[in-house]
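Two complexes, one shared chain (chain A), two partners (chain B, chain C).
Let's turn to the complex of A and B:
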């Protein structure tokens, strides 16, 4: 399944995104960040949590279409090495 | 210098002493050696004389013995009396005949013969080994046998015995005492003694026991135990009796000493050369050591001077992180021999900043000390709020007073009004600075006043210049413009002005560009003087928007919106980074600070364009900059998101500063995003 995120991800918007990240029985989830201009560590927490959940289920989480500003934050924090960026 | 000379004198004296000592040692050594050599030569000569004289004597006596054998075998009576007669005829001392068992059966000496109660002398059983050897004539080992001239152990007489074999078994023997031996052998052997010489002028003297000289060597006069030539030459000598002949072998001392003199001479030359070499070497090593000590001392002093100079200068840039109306950058590169340059800048009022560059005359520690004094005096005078010109006049009087060393300091100081961009300046004999504006770099010429410390009670002229936002003033010392290249021509102002025109971004880039250009220009030439420069850029009044919030999620959302609105004109990339960084800080304040209120100021700065966010809260003290960064290399399972927010702020923003002031945490983060 694919979940498309729209808009910035920060302390204000993260709870809303967290509520939307429901994967059900899916074993392969793609989170599409094409429309996310920037993301703070509040968003990183959600991505890490989702990644761990999918790993626990034996499934896979993919992060797609990462924009430049988001990419920079992922690089600084070392998350690019952990997450499956496609 | 005096110490060096006395050192050299001492060195020369020790070398001379060492030379004389070694020569004396060498002389005694070689004297001893030549004496030893002389006696060794004398001993070898005796061996030689012994062999030749024995051969000569033996040859003669064997013939006499054969004559005795012939007579006796021809029937000469052999009773003792007849044998005595025969011996007398033959001029020998005794004659005996032994049988094949070694018993003396006939003899001119009756004691040898068997008597009642006493057997005859028997050669085979005697204890006398030399006598026993005569049995070789019986068993066929010899046909003739000669004993050396010696004291006979049985009789105690000096004798030489010669034996020849007897046809019907046994042998004939003759014995000669010294007198007999000499009368038989002297005439035969006298030829032998002719032309016997030893060691050049040395000689062999063969005499008879009565002192008659047989050899042709002219015997020197005997003086007690010494032989002496008429010319005073003394001899090494030895006496030995060989086959009854007293023989002297003698070597004149001068002749033996020739070798010594040659050796000592050669040693002297070699020693002299070696000692001169050693002296030169030791001298070189000592002077190198002294020079090295002096150099080390000088280097230490230079290091001290450099340390004094550098320690006094503000070195953290940007020095005023919250300051948005101007930028200031400065650098100093000290020469090997420190030149006493300095730069300085400080606020002299709320909106007034003083900046200056100065150069103390002279070099080394004294210049560094003077520089410290000048710098401290200027700062304390200027920070009382006095106009810069008044500060200069006071400092000049203070420095001139009792300035016996005539050290002075050139300085150019400007005071910028950070609200208006107006600069008032004083030039105390310093190089004119450069004003960079509107794509031009021009020297700010003004009639300079006298250098500080040169003479008291000077009135300093005040200059003025108006800066517009984006304009810069560049200060420098002569270490920049007067740096020579390999052909001794100076770097000069033209080259400097050209570099200053290059559109470079930060103040640091400008200063680096000039230094690089000077270094390129003077490649391979030592730095002549300290290179000191300072650049101040007036940025003008920023646009500031401020809001106050309470620590709730609602206000956090409001602050985010306010910030996004304030940054509307900012390019997207920089804006996103600022929004992310701000979100991290906002979240920290709302969740963890325990604050009751917090504020956000958005400062849009100009020339170059940039943003400062100043965020303050009245919560518990928290300096994010001193917290350790999280480990970003752990695996997903090990990771959590703690600390990542601050890491993101530190990595994406510059400058980031924190202060705790009046119960508030004040965090300032910024970004310049281009001119």
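Let's turn to the complex of A and C:
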């Protein structure tokens, strides 16, 4: 299952995205960030939460096509070591 | 309303009250002596107006330069330099206060004799002058500390100190005047200044107080302070000279009986001191923006100050045109021989007030930007040069009415002359602020009231602006992230409060972000701050990743500067 995200993920837009993240029975979910030029801590919290949900049910979460600017945020916080970036 | 304007408006009432209190303090002795000792007492205190101006001039000689340089150095993030100026200013205020008292003690008898007033008026003035000497030593210190406390963002305490001075003066002067005459009134004035100093000392216990002692100063700093101060204080020395000239001219040509009318005229011109509150309200902000080399925000503050000055000047003028009797009743003039002339004089002289308000504002502003000579020339033209040329000229033609008309006309004429000069020097683009315009294109300011939507909007705008300016996406995104995370932390720290913030993006020398807010004072750049959420963790990591960052509490609000 692949979920493509579009636009900025910030404090205001993150709750919208959170409401749309329904994984169902999928055991492998890919979140495609190709069209996400910006992500703040609100987006990071979402990714971390999704990662824990998938781990909890024995599945896997992959983060794909991370742009350089978002990658830097993941690196600064150490999230790139926790999340499965592909 | 923008952050700068809201700060300016929050400073304005306290600054205006401070100046009104100062005006009333100068006036209070005239009022008290006028009511308790009669027209002789009023005339005696009026002879002292020149001395009052000299004492104010001495206080300002130290204060204005120190406060401008202190705020400008803080604007440039040089804390030790700023505190060095404060230390030097304090030492100078104490030294100058004592020196002024000593000089006034020496010149007392010959100056009073030179006025040639009646024996009763001269005796009373001599007695007042003698007992005014302690006040002459204390007032520069009180004025200095009050202004510095205000410049450091403590407008409330500054306001309280003026209130203490005014109330202390009045409460002590009334019984002392009744008991000891003019001498008692002068002692009351000194006690008022002492009360103000005691109140101001509480500022040093305030959280975020940046006033401190530092030996980080050199002799040339003193000259710098004096040069800047002289520009602003020139109005007082100009007024002092004008008062001496007017007193001598009026006594010589119209006799001592015209002195009560002159006292009311002098008081009407003196109202313009209140308009200096506008410049004082603008000074802390404008100096910090000047220190940051930000003409955009400097002009924003000064345009607001111009509007406020004009509003105050026109408002008071209209009030006095309609009710000139207000000034007369203040000092207890009610004799039928004096009232008609005094009412007409108030009406004529009040027309000078709008121009005087602008003259005083630009007198201070040109000092802020280091144009002390222009500041002094404009002010001396308005308060001394043109009046001294015009009043004997008009006086010889139209008598006393001519003298009042000259005083009403001079400030407007001075303003026109200076405006023509500034237009010739700076062109229409530089008018009237004479600021370099080359930095403006690379500056952008975002104002917001803190809530998640406006914070994210500002963050997106910063990112988009930087992208449009050709900044690489990675840096633009980092700047946008910093804006959102830092301001959200401020928002969370001030939950339930209406907090204003200002983000300046400066691309003049690389990429610099200045983030200001008026929330609780705290250091967001502290990498050792307690981490309590993912957001605060990200902010802490961001701070580690940005080595060039500074936090400085400036004029009472948080200011964070980042170079990305």
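One rule holds for everything that comes next: the second predicted complex is superposed on the first by the 86 of 86 C-alpha atoms of A that agree within 3 Å, B and C clash if a C-alpha of one lies under 4 Å from a C-alpha of the other, contacts with A are read in each partner's own complex, and residues count from 1 in each chain.
Rule of thumb we're sticking to: a residue touches a chain if its C-beta (ideal position, glycine included) is under 8 Å from a C-beta of that chain, and two chains touch if they have at least 3 such contacts.
For clarity, every value in this text was computed on a predicted model and none was experimentally measured.
Contact with both chain B and chain C is seen for A:76 once the two complexes are overlaid on the shared chain. Judged by the touch definition given at the top, the superposed model places A:45 against both chain B and chain C. In the overlay built on the shared chain, the residue A:12 is in contact with chain B and with chain C.
Once chain A of one complex is fitted onto chain A of the other, the partner contacts of A:37 extend to both chain B and chain C. On chain A, the surface touched by chain B in one complex and the surface touched by chain C in the other have residues 8, 10-12, 37-38, 40-42, 44-45, 48, 68-69, 72-73, 76-78 in common.
The touching residues of chain A, when paired with chain C in their complex, are 8, 10-13, 37-38, 40-42, 44-45, 48, 68-70, 72-73, 76-78. Listing the residues of chain C that touch chain A in their complex gives 452-453, 455-456, 459-460, 463, 473-474, 476-478, 480-481, 484-485, 488, 533-535, 537-538, 541-542, 545. Across the complex, chain A meets chain B through its residues 8, 10-12, 37-42, 44-45, 48, 51-52, 55, 68-69, 72-73, 76-78, 81-83. Only residues 553, 556-557, 560, 572-573, 576-577, 579-580, 583-584, 586-587, 590, 632-637, 639-641, 644-645, 647-648, 651-652 of chain B touch chain A when the two sit together in their complex.
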